[in-house]
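Structure first, commentary second.
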Amino acid sequence: MLGNTFGRLFRVTTSGESYGDALLTIVDGVPAGVELTDAMIQEELDKRRPGQSKLDSPRMETDQVKIVSGMLEGRTTGAPVGMIVYNVDRHDIHVQQYRDVKELIRPGHAEYPFFVKYGEFSDWCGAGRASGRETVGRVAGGAVAKQLLAREGIEVMGHVTESHGIKGRPLTFEEIKANYRKNDLNCCDLEKADEMIADILKVGEAGDTCGGVIEVVAHGVPAGLGEPVFDKLKGTIGGGLMGIGAVTGVEIGAGFHAARVRGSEWNDQPYLDEKQKVRFRTNYAGGLLGGISNGEDIVVRLCCKPTPTLSVPQSSIDMDAMKEKQLEAITRRDVTICPRIYPVAEAMVRIAIMDALLMAKGLEQLTLIDEKYKALSKTARERGEL
Amino acid sequence: MLGNTFGRLFRVTTSGESYGDALLTIVDGVPAGVELTDAMIQEELDKRRPGQSKLDSPRMETDQVKIVSGMLEGRTTGAPVGMIVYNVDRHDIHVQQYRDVKELIRPGHAEYPFFVKYGEFSDWCGAGRASGRETVGRVAGGAVAKQLLAREGIEVMGHVTESHGIKGRPLTFEEIKANYRKNDLNCCDLEKADEMIADILKVGEAGDTCGGVIEVVAHGVPAGLGEPVFDKLKGTIGGGLMGIGAVTGVEIGAGFHAARVRGSEWNDQPYLDEKQKVRFRTNYAGGLLGGISNGEDIVVRLCCKPTPTLSVPQSSIDMDAMKEKQLEAITRRDVTICPRIYPVAEAMVRIAIMDALLMAKGLEQLTLIDEKYKALSKTARERGEL
Amino acid sequence: MLGNTFGRLFRVTTSGESYGDALLTIVDGVPAGVELTDAMIQEELDKRRPGQSKLDSPRMETDQVKIVSGMLEGRTTGAPVGMIVYNVDRHDIHVQQYRDVKELIRPGHAEYPFFVKYGEFSDWCGAGRASGRETVGRVAGGAVAKQLLAREGIEVMGHVTESHGIKGRPLTFEEIKANYRKNDLNCCDLEKADEMIADILKVGEAGDTCGGVIEVVAHGVPAGLGEPVFDKLKGTIGGGLMGIGAVTGVEIGAGFHAARVRGSEWNDQPYLDEKQKVRFRTNYAGGLLGGISNGEDIVVRLCCKPTPTLSVPQSSIDMDAMKEKQLEAITRRDVTICPRIYPVAEAMVRIAIMDALLMAKGLEQLTLIDEKYKALSKTARERGEL
Amino acid sequence: MLGNTFGRLFRVTTSGESYGDALLTIVDGVPAGVELTDAMIQEELDKRRPGQSKLDSPRMETDQVKIVSGMLEGRTTGAPVGMIVYNVDRHDIHVQQYRDVKELIRPGHAEYPFFVKYGEFSDWCGAGRASGRETVGRVAGGAVAKQLLAREGIEVMGHVTESHGIKGRPLTFEEIKANYRKNDLNCCDLEKADEMIADILKVGEAGDTCGGVIEVVAHGVPAGLGEPVFDKLKGTIGGGLMGIGAVTGVEIGAGFHAARVRGSEWNDQPYLDEKQKVRFRTNYAGGLLGGISNGEDIVVRLCCKPTPTLSVPQSSIDMDAMKEKQLEAITRRDVTICPRIYPVAEAMVRIAIMDALLMAKGLEQLTLIDEKYKALSKTARERGEL
């Protein structure tokens, strides 16, 4: 694998797999002076932790995180923040189950292309790094970004807006915030949430799985973030989300609706608010004009496919014998991945925004050191000598 | 701007803007020995050239490309391929038109966030690098990738599948190939194409614009391409396409439909074909499992918003005076950007695939030099000495 | 900090500091199927471990490493290799010593510019990440590269050739190998070694420190590695070594001697050996022509300055009070860093070569999977269908 | 080739070779609002232009540069700056000379490893991109950096301090500035310069070549630049210089002298100057402590080997026939490359410093836009709302 780092300045590098000893996360580009605790990271990891409701996998991982570097006396030092999460629920019984089917293609699962790349050395145990377990590192990295963004007044929240064809109604950022994590699915349209959950349970009982749509909103992002032309925020957020295993589509603002309306409807009209700040009357653009932030809420939606692992038999191929064979039912699985993917999506959006912020502002400007020390690094122009 | 390079090994770096002297493209990571001519690049540039039909902008750019480096006697040498396209249609009358409105926000356009970033130095002339004119470099870079991919048996084709709410029917790769570029819109459902074109002309007459959906199919991609976990092909293709100015959404395979079906329907079932090759009975996954290619056609769709430039007045803000003001109608514009964006989308997909191919295969393996020379760089293991 | 990753495809990312909880290393770009054990990494870490002789710091770190990801049943899986080393010798007495002088500039030490960057949040405890302790991660990463290079027949060895003005005689690769690590200094000119060691002990008794020169030789590197023009092996090895804290100069082959000879003497003359392989009669070039490997031994020398920490008082500045003040003697220090830096230099050279090898050969070619699985990822050209 | 971009944020990408049509340079990361003219770039290119004295190659290249993008009304817009230099002196007679020896290894020249990489497709014409001609792009990129650095009060100057064993005396930055480019060699020790030049001419008459040492001094660099631990300024400057074709060694400050002195001599002692600024009494460290700038002049020296091309016969190998053969004398060559490499070295140092400056300060802070526009991109914290 050659792609385990995300971001250009604010960079999250991860390692770890489904049944390895531990998952490591190293976050580079952290300004000095930020308060950071294990509990802050844990709060985010707890959102994606399995076994919290009937909707997700019964695997019991505590996902306890420990920050082991980059800190002194409760604050970041500017050094890379290193974090460890040990895998605990990996008993022989489950390892044996995976060993029994290690040559079999699991339909809809990333294991097959991994097998093509790594052959007989491919990690067959719980799908190795093709497992969603790698997203622990994304969430840990995003949790660091969350604290940094908070200092600039930027908040990012994700929620489920559609599940297996049942749609919630459009919500404002305030409504999302008010109803955030009020149910097992984290659907902030509380009425629809019950209907969705009942439906998911029924799907699960049938041994099947289903998908849905998640919306992530970033509030308080200043205008002007994103680097033209290939590293626009639209591209880095879009690519970051599309890179999550289960995601099959991403749209910004009114998204695919753009194919159906006229420019005169689509173009958000600008106005000056009471503070003489440029605002837009609508937000079809989802806060991104030409891919650069315009000061409105960044709104992005991603579609998650049904979990590939079913508890009904599926057709398969034995890669060693090279013949077709049936894959038996597997029991430990998430019926829907939606309630566990929104924290991953929040994390990717946070990392992308933080990275763009760092490119625009520079490390120095985001490091809140005392003015007298800041003066030490001033250029002649900044000191007014030119 | 900090983001004018796309790709990690096969890297396309571009410069140039709407009314600058010239657009430059440098392509790094080109294996030696590939036949390449100006005409091959020109063929792709001609697809996105304006002024070819009533659907697009009347700006008259010839977009003549010249390869100026990286070649010897008609073949690449391994050195970076440099290309120049001069801007020609930039007469005083148009410059003056842009000068007259240089402080005015154009609704729906990237100019505003560019203004936030670059202030009074922002390029107001034809939107500078916020203009779609920068995509000349993407297409030139993609044209180089096209030749390299062709040597491996990989073909990439884009076509318009929806325009202003009118949808074409699903098509196989063979159907797309047979009907490719048969009409001004490059809609390969030939019946629907006429309906779409008539509709677009009507929209244009009203001074308005509209958008649509483009599908890109990559055929012949070997299984196993893409680098977990952040540089999967799904992420790099997705991010590459989302980074195109007008794009508001991207989906892979059956895309957003995933939110509505069960896993038992979604999971493409594998089988062995007559050559004992692993194939899949359906292609909901769009050729990408967990983001890595599985050997099936890679199918991706992107939604383009209506062109923001209208020939009807819009509300605006004068950024210098900081007060609201009306923006008058602008006449030179594309009614729909779809017939000019599909070559850009093809290019981005080609670059992303070529980059992944290079990471997997290495530069050496893709350079078709004589075996006797290849032996010169063998390691002890390759020479069988270990 | 924004620079904690080294390499483009084979990438080593590190975190950790002098008195943090642990040092993490993540190695991306590891081909699948390689045997790798904690002991293999430990062997390299043990070379740079402090407290092994009177020449180095009495700090007692066991530097026990544990590989926690990227492995299955003793072999790499292609997933990033994650490693943990816990810091153990960090008792209150030492922390307090550092706290007492935390606002004082240590002459010759990186702490001052770190203070400029991170101000009051700068890690004052044992110099934080400005300490040589960060090189644990470099060595761990290099140890992974060592195993991969060994599979290709490439060996890298470093040794001390000069200490405090006393020079050893030039040695062949075979002589270095024969006398490797035969004394506390790892000076492979065994006669001179005794003289050097006696001199260093005398310097130490005076409360002072001294530096020296280390030579690293890479044997068995195939011709053609390195990427023109900015990522040539000469540039990446040179930059990698210059990036080590204590290094003040780097030279390749006959190095600075080039300023004194004529071209007719300098140019290594080529010939064909008995196996018709291109060889060179001399190796002024140090195995790198124009920065690309030519098949001869890569020979590089680096100069290390005396350790800045003295056990005699030095002038200093109190950064908080902003006035001059004396810095008292510090007792825990290395008299010479040479016997602990050669493993770091070996590591950097290995990582740079491995990275270049990966770019040339591609991940696939270096992954030794079974041919039948390898066939799954072949392109049409490779399958002979074009 | 995979390495034609230098820098992480301030990035110079180049293409072009000895006998191609043109050399292109794209500079990304240029803040908006900087005055920039062709003449500013030309001034730097003229320094490295051949045919200016008897010391260098008689090839007649005018090296006329044209900025073709990234500008509006004489100022940068933030868009990437694109530049073109056409090759003009490439007549059939010279092409034929190269064709005649295209299979022959030129001793000491990068052509051989290029041949190993690219085989029969390797550019044999004037050594292609293995020629020093590629440095045109480095100098063009460095010239852009020069203007940006000047705005911050940073100056970079290179000069020849040793030629073929004849050494000049140590000079202060003011002395270098006073005697800069006062003779064909750009040796600022004016007395020694005559001696050096007479010696070089004698070497040239004998058909031979020689090398020397160049020193580059960066004045006015603020403390705190460089990114630990792998992208410290020491590493990026060191790597950038080592990547220049002819360079065989690099040292910072007192460099290799460090191997001979004690710590008590080497450690530069800090003091507070009359403006309460931290200064150092000596500059053994060459302005870089632990690789990060400390506010003193950055002093770096690089050693250049003798030009490999001789006008006396040398032994060689015919790569096609694979047998030994004599290489006849070549007439068009530089007797010493020193007077043409110092501008390249200046350029690399400038690019590395600019890149570090950009990472520290961020693009926004270096863009001198009007305060009222700057306010548009402020975060909530910057606006004082948190």
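Per-chain residue numbering starts at 1, and chain names A, B, C and D are given in the order in which the chains are listed.
Everything below uses one rule, namely that contacts are C-beta pairs under 8 Å (C-beta built on N, C-alpha and C of every residue); 3 or more make two chains touch, one makes a residue touch a chain.
What you are looking at is a predicted structure, and each value in this text was computed from that prediction instead of being measured.
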Centroid-based (C-alpha) most distant chain relative to chain C: B
Interface composition of copies chain B and chain D: same or different, split at half: same
Intercentroid distance (Cα basis), chain D paired with chain A, Å: 42
Cα-centroid distance, chain B relative to chain D, in whole angstrom: 35
For chain C paired with chain D, centre-to-centre distance based on mean C-alpha positions, whole Å: 26
Per-residue multi-chain contacts in chain A, two or more chains: 1-5, 8-9, 14, 79, 114, 116-117, 129, 223-224, 228, 278, 322, 359-360, 363-364, 376-377
Touch list for chain C against partner chain A, complex: 1-5, 9, 11, 13-17, 20-24, 26, 28-30, 32-33, 66-72, 75-82, 84, 114-125, 128-129, 319, 322, 363-364, 367, 369-370, 372-374, 376-377
Interface residues, chain A side, partner chain B - complex: 1-6, 8, 14, 105, 107-114, 116-117, 129-130, 134, 162-165, 203, 208-213, 223-224, 226-232, 234-243, 245, 247-256, 258-264, 266-272, 276, 278, 284-286, 289-294, 303-310, 312, 314-317, 322-324, 359-360
Of all residues in chain C, those that touch chain B in their complex: 8-9, 79, 151-154, 220, 222-225, 228, 278, 295, 357-365, 376-382, 385-386
